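There are two complexes below, and they share subunit A, which is joined by subunit B in the first and by subunit C in the second.
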Partner chain A sequence: MRPLFQSFRLFIQQIFRDSMLSAVCIGTLVTALFIRFGVPAIENILCNHFQEEVILAKYYLLFDLMLALITPYMFCFASAMMILTEYDENLTRYLAVTPVGKNGYILSRLVFPALISIVVSVALMHWFSLTAWSFAMTLLTCILTCLMSIAVALLTFAFSHNRVEGLAMAKLSGLLMVGLFVPFFLLTNIQYLFSPLPSFWIAKLCMEQNLIFLWPATLSSLIWITVLYQKFSRKIR
Partner chain B sequence: MRTKALLIGDIRFQFKYGFYFLYLVFTILYISLLTVLPVTWRAQAATLMIFTDPAAMGLYFMGAIILFEKSESVLNSIAISPVRSLEYVVSKLISLALISTIVGLLIGFGSGNVSNPIILALGVFLGSCLFSSAGLIVAANIVSLNEFIVATIPVELVINVPALAWLFGWKPGWLILHPGICIIEIIQNGEKALPAMFILLVWTILFALLARRVVDKSLRVLGGGKL
Partner chain C sequence: MIRVQDMQFSYTKEPFIENMNFDVQNGEIFGFLGPSGAGKSTLQKILTGLLTTYRGSVQVNGIEIKHRGNSFYENIGVDFEFPSLYEKLTARENLNFFASLYKKHQAIDPLLDSVGLLHDAGKKVSDFSKGMKSRLNFIKALLHDPALLFLDEPTSGLDPSNAKRMKDIILQEKAKGKTILLTTHNMYDATELCSRVAFIVDGKLRALDTPRALIMSRGAARVRYTYAVNGREEQKEITLDRTGEDDVLQKLVQENRLLSIHSSEPTLNDIFVELTGRLLQ
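And then the complex of A and B:
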């Protein structure tokens, strides 16, 4: 375990030096504050202006889902950028043959930050969510958004050969999160076209409060992670 | 001649590393999104899309491009070649602005609200050059992607926040001097589009010259100018 923690410490040191750690912490906090206080304020202004009873309030759950996603996504994005930099500088291959190993590398660069992000995400959901959430549901949702963020980070890295392609992939892999919006805006069965996206099932689970959706939400994330991890693994062989 | 060769090289590079493919996907996505939005929202939404994505792409990608060139020692080769820093900067700006302009026009036409395509094209082109210059200035002295992303946050806030406030209705007259607002005003072909064009041109030239200065300095260091 010691090499793993050392590798993780290096990761934290690096993102601290890059100011990315502060950016991620401040970014998530600002987003949380905006969702908790900014969105209801905007709702008031909009309702007064358009003489409607509710406009944004119908989508408060969607804002909460974004709140649950923002922390793991930002942590995993920082990890993906660092993995890309290390890959471009040929450090990844060296690290993979040290006692850290390939699995250890991915654990220290991606899984540990993602696990920490679950704790942060649960705390943010507790203090800043706009709708009522049970602890169990909060925890489940944060674990699922964390799994999805790992898949997004793996996708960013697995299909790129350098930083430039990596950044293009990071932009493209953001599309994996489009599924969060689908059940809110696409009310017909066409919405199931988005079923390969874990975000779609996470939104369904939280909207319908039906645990049956937990299975596709977990499975779709795990399938993405398994497939992408194999590609990742081949890449740093 | 050298600028032309650099430009072709940059376009090839961007094609090879998927910029064109990426923006093909995003253009289709944006246009699809515009078609499902209510007609009254489309013009505003298209402006927002063009301003925050194709126009700003240089700021997003410049860090990765420069870091990649550093790791492949491209900059070392350029430093000892006859290429001038201004030619290098111009090639980067124009090659990225080309994608921005094509994508901007497609999104504009997709929204069905383009009254003057030439003004829109000029606005996106100049806006893209401005953002790319800002990206070059930030990217010249960074060592990692994370560092670049963090360093661009203040630039994005300074350019984007007043521009978005303008887009959503906060329009004091003096704010037209702000470069981000000029881009919005030109994309919308608003009442002040012509003065905005002139102001944006001045900002873009200033930013490009500043980028040239920063690049020149970093190339001199690479080329042994310190000796």
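And then the complex of A and C:
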């Protein structure tokens, strides 16, 4: 385990030495503060201005879902950028022939950050969410958003050759988040066109509070992860 | 130390490495010689466990590579052709990090000193020249004092004095009893360093022997000389072992009439071209 933790320690050091990646990680807290305090403030202003009872409040759950997603998404984005940097510097292959090994590398660069992101995400949801959440539902949602974020990180790395391409791919992968909005705005069965997106099922699960949606949410994430992992694995050998 | 039996590997449906068989003994420097794309790096990836989808058997220290654990790497040092270093860290920080991955490691300063980088230890790797990165990359592979070293083009991009320094270190490691697998297309390095060399072309092993035995298999060195006859320059060539029987040469030497004389020993490159019909570079 020691090589694995040393590898993870370096990963954290590298993140803090990289101004963009540190900003990304700190950005999750800024987003949480904005959702908790900024959104209700804007809601007040809008309601006063348009003389309405509620405008944004109908979508507070959607804001909470974005809050649940932002931490794993940003942490996994930072991971993908770090892996791309290490790939550029021929380090991914090198670390695979040290006691860290290929699996250790994946654990220290993807799984550990993802696990930490679940803890941070649950904490942020506890302190900054706009609607009431049970602990079980919060944990479940954060695990699901974490799985989806791992798929995004794999997608970013697998289809980019450097950090510039990685940034472009990360923006494109934001499309995977579109599913969160679908059940809120697309009320007919056409919404199921978005069923390949894990985010769609996560939104359904939280909106309808029906655990049946847990299965497609998990399954769709795992399918994305499995398919993308093949390409990821081929790339780092 | 290493035993490869009936090994086959392919990236696609077409076979790439076919029926490869060889052994590497403890304490020898074993060279893989071949042109770019011949399969040398793929072979190195298989032997270091990066590629495990091969057929046949590949054993290192009695362990089938497919079934290795991570502790397998405690005794293996790898120097890839292209430097694998953290550019934002200093040379010393890089070595400290990589050393921390192993149960045992050597002191860092003597290693840095051995390749002339001690005074640059505090510099960021991004400020290093290509040659400095190559040297740092090389000592990174020696950090944990591994019994088996994989070196891929270790002298590539180095000036002659640093290339010699690296070759001296490689020979010192051999003297300590280390087993070294050297991948190169530099015939001079191979001749100078290797106990045995294997020629690899298109994923196949075309020849395997000591450099001397391979060179001698082509026959003795040749002597070419020129001299003047009636104002015209003539040239003659004989094998080195028959100079005593060449009356013309004897006479020309006695009469000081030689215009030029050269000996030409075959090189590994000549043998390689003869055996494979391909150039090494």
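Descriptive notes on the structure:
The definition used in the following text is that the second predicted complex is superposed on the first by the 231 of 237 C-alpha atoms of A that agree within 3 Å, B and C clash if a C-alpha of one lies under 4 Å from a C-alpha of the other, contacts with A are read in each partner's own complex, and residues count from 1 in each chain.
Here is the rule we go by: a residue touches a chain if its C-beta (ideal position, glycine included) is under 8 Å from a C-beta of that chain, and two chains touch if they have at least 3 such contacts.
Model, not experiment: these values are computed from the prediction.
When both complexes are overlaid on chain A, the residue A:237 reaches subunit C alone and has no touch with subunit B.
In the superposition on chain A, A:172 contacts subunit B only, with no contact to subunit C. Looking at the shared chain after the overlay, A:49 reaches neither subunit B nor subunit C.
Contact with subunit C, but none with subunit B, is seen for A:104 once the two complexes are overlaid on the shared chain. By the document's definition of touching, of the two partners only subunit C reaches A:6; subunit B does not.
Of the two partner chains placed around the shared chain by superposition, subunit C is the only one that A:96 touches, whereas subunit B remains out of contact. Of the two partner chains placed around the shared chain by superposition, subunit B is the only one that A:15 touches, whereas subunit C remains out of contact. Shared contact residues of subunit A, touching subunit B in one structure and subunit C in the other: 14, 18, 89. Subunit A makes touch with subunit B in their complex at residues 14-15, 18-20, 22-23, 78, 81-82, 84-85, 88-89, 162-169, 171-172, 175, 185.
Against subunit C, in their complex, subunit A makes its touches with residues 2-3, 6-7, 10, 14, 17-18, 89-91, 93-94, 96-102, 104, 237.
Within the complex, the subunit B residues that touch subunit A are 13, 17-19, 22, 25-26, 29, 36, 60-61, 63-65, 67-68, 71, 144-147, 149-150, 153. Across the complex, subunit A is touched by residues 45, 48-51, 70-71, 73-74, 76, 78, 80, 82-88, 97-98, 100-103 of subunit C.
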